[in-house]
Amino acid sequence: MVKEFNDYRTRMNEKILAADNLNIKRLYNLDTNTYKEGALTVKTKEMLGLISSMVLRCDDCIRYHLGKCHNEKLTTEELFEIFAIANLVGGTIVIPHTRKALEYWDELITLNK
Amino acid sequence: MVKEFNDYRTRMNEKILAADNLNIKRLYNLDTNTYKEGALTVKTKEMLGLISSMVLRCDDCIRYHLGKCHNEKLTTEELFEIFAIANLVGGTIVIPHTRKALEYWDELITLNK
Amino acid sequence: MVKEFNDYRTRMNEKILAADNLNIKRLYNLDTNTYKEGALTVKTKEMLGLISSMVLRCDDCIRYHLGKCHNEKLTTEELFEIFAIANLVGGTIVIPHTRKALEYWDELITLNK
Amino acid sequence: MVKEFNDYRTRMNEKILAADNLNIKRLYNLDTNTYKEGALTVKTKEMLGLISSMVLRCDDCIRYHLGKCHNEKLTTEELFEIFAIANLVGGTIVIPHTRKALEYWDELITLNK
Amino acid sequence: MVKEFNDYRTRMNEKILAADNLNIKRLYNLDTNTYKEGALTVKTKEMLGLISSMVLRCDDCIRYHLGKCHNEKLTTEELFEIFAIANLVGGTIVIPHTRKALEYWDELITLNK
Amino acid sequence: MVKEFNDYRTRMNEKILAADNLNIKRLYNLDTNTYKEGALTVKTKEMLGLISSMVLRCDDCIRYHLGKCHNEKLTTEELFEIFAIANLVGGTIVIPHTRKALEYWDELITLNK
């Protein structure tokens, strides 16, 4: 699941950037820069990106930020506290996305054992 | 489709609850209690849950409430009146979810013949 | 609040319809027809319209359906059960709209005493 | 992907219309009429339908309007300018839908070579 | 209404930019560039920005793009065709925003007579 | 602005709780508990609540979490990094809410000088 997601994401992003639309390239660039260390740590920023993706219910965005949060050593206990806030603020419609998120997280952990 | 949905849902919900985050457990508990008979019947509450899921465009939530509505003896004619309101209030972006909802409903009916 | 809302709504709807865009007129017409008695009662349909407006967080739509629900003799106890489902499914972001909804409902009740 | 999407869409729409709910039939009818040539060209209206589907993040709606835009001779360069606005207004949560949109567009172009 | 909106918008945008967050400045800059003439005309892009704002139901964004569309000589007849698509795709929850949009548009026209 | 918001919020919440709907009371209770110190600090949780409210575009929720973040000693520089992520993920439709958020934040700071 992790590999399939990353491969598709990389392949299609390359196609999008190859079209050479300057504004899209700038937006993608900004997307990278905004999550860089600043007054807030990368880990905090990735948690913010993750919960935003959860309440907006974008499974692919959730997967992307789960990968980044995993890199930043987010613990499963911390993840569940993010889940709790996301399900509370965004409501029970976030639950199906939480199920998929946990499935992906479990695979991330297994892959990195 | 029905069995696959229910199995995945049950399996992942168990994993989520196993993590023992108290606030998530409370939210899940509240989710069960809120749909219980009160001043409104369970059938009415499930219709309310269904249309909320439709206008918020959550396929898995729609499936869940379709199953519950079917248990409460909702008729296909009543279902289409819910579809009509959901497509009107939520707009034509609800149509693809209506297609999937009807497909699932048809399977629910076939399974229970 | 009730009178001001209804006056503005009526005045602007008349302006919109006066522009004579056929598709908009048809949509407005459909809006009226969809809530008419069918397999479901008008009261049930108005509850469905209300909760859809709540989870989609449209204050003016909420007010409109509160007015209709009041005409259909919805009780305050029933209303709170709708609130409970809306706040659960749509999450705590629905709370501010619930506050405004209750304020409007209280005025509807006072006006009709 | 194109054929599969169109077949499923046609088959389920026929089922929905077969249920003979008058308000749903009117809404589907209105859906057809609203995109007809008027003060705005069909091409402009389809671009408006496409971007609405993108910012509301409805993959099936995006596919439908991509097919229509392709019929109206939208160029890939124009498409990317729509993508740029959609990703800007709707945010980076629109990116995964842009990836799928481009994949579908590429298939539309290949099929029509 | 027009002057008040523009004044507040200008004043607060200046405050936001004064904070000197580089990523926000880049996003604002991108916002300006994305609507510039390209394969699509400024008028078409502004119509795309307007309908996106309508289906996402952001009154201030609608006002901003109405002002731009007015500069680009959008006619009232064209505007109503955009309204029709927005109300169809986004559903009747867009109607209250359409009322406010028309009110603002009328003031734009009166101011420019 | 701060006092008016808090007074209205308190007054209406009391009215809602006075209705004695058990499920709503539980949800409100859960709302309080979910933001308590756990594996994540209160400050981190409030940042998560704030950005969720921003991307979901709920001005009253934003105000509530701004107040909490201010209590937790969030700096203006940190706040702008949250703004940057919210505007990026949620798109430019978040900008009008960012303007209002900054206005409220400025008042919070002035009041506490």
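Here the chain labels run A, B, C, D, E and F in written order, and each chain numbers its own residues starting at 1.
Heads up, the rule we're going with is that a contact is a pair of C-beta atoms (placed from the backbone, for glycine too) under 8 Å apart; a residue touches a chain by one contact, two chains touch by 3 or more.
All values reported here derive from a predicted model rather than from experimental measurement.
Steps from chain C to chain F, minimised over paths through touching chains, total 1. Between the contact lists of chain C and chain D, the overlap consists of A, B, E, F. Among the remaining chains, the Cα-based centre furthest from that of chain E is the centre of B. When the contact pairs of C-E are matched by residue number across D-F, C-F or C-D, over half of them reappear in C-F.
Taking the mean Cα position of each chain as its centre, D sits at the greatest distance from chain F. Centre-to-centre separation of chain B and chain C, using mean CA positions: 23 Å.
One finds 30 Å separating the Cα centroids of chain A and chain E.
Centre-to-centre spacing of chain A and chain C amounts to 37 Å, using the average Cα coordinate of each chain.
Residue positions of chain A with contacts to 2 or more other chains are 23, 27, 30-31, 34, 52-53, 55-56, 61, 77, 81, 84, 87-90, 92-93. In terms of inter-chain touching, the protein chains here all touch one another pairwise. The part of chain B that touches chain A in the complex is made up of residues 8-9, 12-13, 15-16, 19, 21, 23-24, 27, 31, 52-53, 56, 58-61.
Considering their complex, residues 30-31, 34-35, 38-40, 44-45, 47-49, 51-53, 55-56, 61, 75, 77-78, 81-82, 84-86, 88-90 of chain D touch chain E. Of all the residues in chain F, the ones that touch chain B in their complex are 22-23, 26-27, 30, 33-34.
Interface of chain E with chain B (complex): residues 55, 87-94.
For chain B in complex with chain D, the residues that touch the partner chain are 57, 76-77, 80-81, 83-84, 87-88, 92-93, 95-96, 98-100, 102-103, 106.
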